[in-house]
Amino acid sequence: MLRLESLTKRYRTGDLALSAVSLEIPAGQVVGLIGPSGAGKSTLIRCVNRLVEPTSGRIWLGDLEVTRLGRGGLRRARRRMGMIFQEYALVERLTVMENLLSGRLGYVSFWRSLARRFPPDDIRNAFRLLDRVGLMEHADKRADALSGGQRQRVGIARALAQDPDILLVDEPTASLDPKTSRQIMRLLREVCAEQGLAAIVNIHDVVLAQQFMIRIVGLRAGVVVYDGPPDGLTPEVLTEIYGEEDWTGTGEQTDVDRSAPPGLPDTDELVGAL
Amino acid sequence: MRVGDVNGEPSIVEDASRFAAVIYPSHWRRPPLIADVRLRWAISLGVVLYLVVGIGAVEVNWGRLSEGWERGLRFLGGFAQPDFVSRWDDIREGLLESLTMTLTATVVGVMISIPVGIGAARNIATSPVYLACRALIALSRSLQEIIVAILFVAMVGFGPLAGFLTLAFATIGFLAKLLAEDIEDIDAAQVEAIRATGAGWWQVLDYGIRSQVTPRLIGLSLYRLDINFRESAVIGIVGAGGVGATLNTALDRYEYDSAAAILILIIAIVLVTEYVSGWVRARVQ
Amino acid sequence: MAIRQTPEGPIWRKRTGLASVALWCGWLALVLLFVVAWEAMTRNQIWAFVWDAPEQAADLIDRMVPPRWSYMDQLWAPLWDTINIATLGTLMAILLAVPVAFMAARNTTPSVLFVRPVAIFIIVASRSVNALIWALLLVAILGPGLLAGIIAIALRSIGFIGKLLYEAIEEIDPRQVEAVRATGAGPAQVLDFGIVPQIMPAFAGITLFRWDINIRESTVLGLVGAGGIGLQLKASVDGLAWPQVTLIFIVILATVILSEWVSARVRAALT
């Protein structure tokens, strides 16, 4: 589905954010990307849809080489990659519905979007997604009238409105309280499962990552230092990623949570239901 | 296992299959800015009507305009070749008047503004003083420079003194108001602390308030110096001295190259004062 | 801050010796400059005019009151013209200032090296020249009338609106723009969905504020022949018809206060 080949990013300041990262993510797989601040997690995600231009390396989305696309091609490729942001990044002064419909911008002409006359199918689908994230009655509210958790749900719905193949998720829970964080993570897992979406999820919270991800990639100073199942995150591995610290508590909690393995719903069954 | 059920906790949505059954609306309009339909139409209609009537009221004399076109080009030509030389004595005189009245008016204006500003601050002035100072500020602010200039010219005659009085008067309205607002916004805790040491009214003013407002006062004075120069270029039109009179004369005589030279000098001086006062303000604050 | 050693023991001073000397020199220079400027300014002053200024003022007030109320009949049309000059001038300025602002803002300009300096120059040139001077030029070029007034107001307002608007554009939240870009939107769509909604409140506030200032300025444009109530003012002053001047001042004052109130109300309603 998504393949990164020795992706490297060096900023103009000279900082090496990513150093020859190679990664392959099959369709429908949800990958958690962990690592300390400044490890290059955000840069990696932004390189995939080229909000940040990679310095070298290649990115393949299926058979499409994203790194070689021109402007128009890149815009078409971005439609296939839904992005979800840390601070929601909703357009605060637009209504919830407009934010959702902005996910369709890559599909409609400028004049249509200017007049806010989106195709009926887009609107129907937007309402369906709004209902799916439980915000049906908030369609006409302005985005800045919503709570943090609600805004992030709009953010998810906007990404889904793009009808993407993969979700790029940047610290979806960093601005949320623990309970809302869990709800958002669960919602993300559910929608990925329902639609068979792959996802890369940057996440700060190791416990949350272990609970909701089936594969974890650990990044340190722009280099992949771990790639494997959540229960492989031993104290030694965490030390490798984050540096020296007493990790025993984290490990135990993982064991408790892992005793009931995250219910990964049967994808085919769900797609059928939709 | 129930759909969407992760780790045995209830999902936000119980059953995903129900989404297949619901039929969602395929039409959506952004809620309008004005909810009332009739009011919305009335306002739109009013705006259109105003534009039609308003633009219709502008009489355009096309013959005069084509003549003006030629003059406009000559004026632009004047900018390409400004004539600083033939009227240099007048220009120098006008600029000197503008600069001197800007400086003196700002200094005097600031000196009057300080007591007026203190008197207009609600947190330190008594009620009658407050009202008197506020009335003076309101008067100065609501009268435009050019109108004040007309009155002063009628009183003290033509020349830069009328301009000086005008600018000093205008400075009071601007500076005293902002100073008063600054004093009203100061950190009450600091004033409290000084008062707690047993300081008198003047000592409180010196230690508790002066220290807090001085940097901004200097910044605002420099900013006003800027504004006063721009205004000094204008009030000459009604006879209050300065480069505005020179410009007016040059245009009356259709000497576009001299007029262009004056404009270029005005813009240059404005830029220099703006830059210098910005630089000083950045260092003081 | 400094401690100075003296035979009687250390003395505390707020500033060091050098700093206080520099400060004194600064003040001294300002005083000298003031004296020199004052001398230069009043060189040709005939002081006799100044000494009888109080009498002149008393005489003037005597002639100005009571205002000639019946003159009001002739003021309605110029007043309407004044409002038109301000409003149409503001509208014209908006049309011209918005593209200039987008060209001047670092985050939306097509080219920081070539386009931005031009836009900044337009803004600076427009701002340094007062509306009355613009009117003076335009009357000389276009002849007297409303059109000169409208264009003068517009030319002065481009700089004001352009400057404040481009500062507002530079302050927008870049994450919201990034999010719209990430959906695959084109540049025009990013503008429409990501940038415009963020600057709308600032835009409305700035233009209403400028409209209010423009009403104030357009009342005096007539002094140089650019239409509006200022024409009547000039005619009355030149004809020494002081009771009419008083009435015009009252009308101008009322208009200015009313427009300030309207603009403040609308701005409050919009935010």
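Assorted remarks:
Labels for the chains are A, B and C, by order of writing; each one numbers its residues from 1.
Assume a residue touches a chain if its C-beta (ideal position, glycine included) is under 8 Å from a C-beta of that chain, and two chains touch if they have at least 3 such contacts.
This one's a predicted model, so the numbers in the text were calculated from it and none came from an experiment.
If subunit A is disregarded, contact among the remaining chains keeps them all in one piece. In this assembly, A is the chain whose CA centroid lies farthest from the centroid of subunit B.
Mean C-alpha position of subunit A lies 49 Å from that of subunit C. In whole angstrom, the spacing between the mean C-alpha positions of subunit B and subunit C is 5.
Multi-chain contact residues, meaning those touching two or more other chains, do not occur anywhere in subunit B. Within subunit A, the positions touching two or more other chains are listed as 98. By the touch criterion given at the top, residues 49, 51, 75-79, 81-83, 85, 87, 89-94, 98, 102-107, 110, 113-114, 155, 158, 162, 168 of subunit A touch subunit C in their complex.
Partner subunit A is touched in their complex by these residues of subunit B: 1, 3-9, 11-13, 16-17, 19-20, 22, 24-31. Of all the residues in subunit C, the ones that touch subunit B in their complex are 30, 33-34, 37-38, 40-42, 44-46, 49-50, 53, 56-57, 60, 80-81, 84, 87-88, 124-125, 128-130, 132-133, 136-137, 140-143, 145-147, 150, 216-217, 219-220, 223-224, 233, 237, 245, 249, 252-253, 256-257. Those residues of subunit C that touch subunit A in the shared complex are 173, 175-176, 178-186, 188-189, 192-194, 197-198, 200-201.
Every residue of subunit B that touches subunit C in the complex is listed here, in rising order: 50, 54-55, 57-61, 64-65, 67-68, 71-72, 75, 96-97, 99-101, 103-104, 107, 142-144, 146-147, 150-151, 154-157, 159-161, 164, 230-231, 233-234, 237-238, 241, 244, 247-248, 251, 254, 259, 263, 266-267, 270-271, 274.
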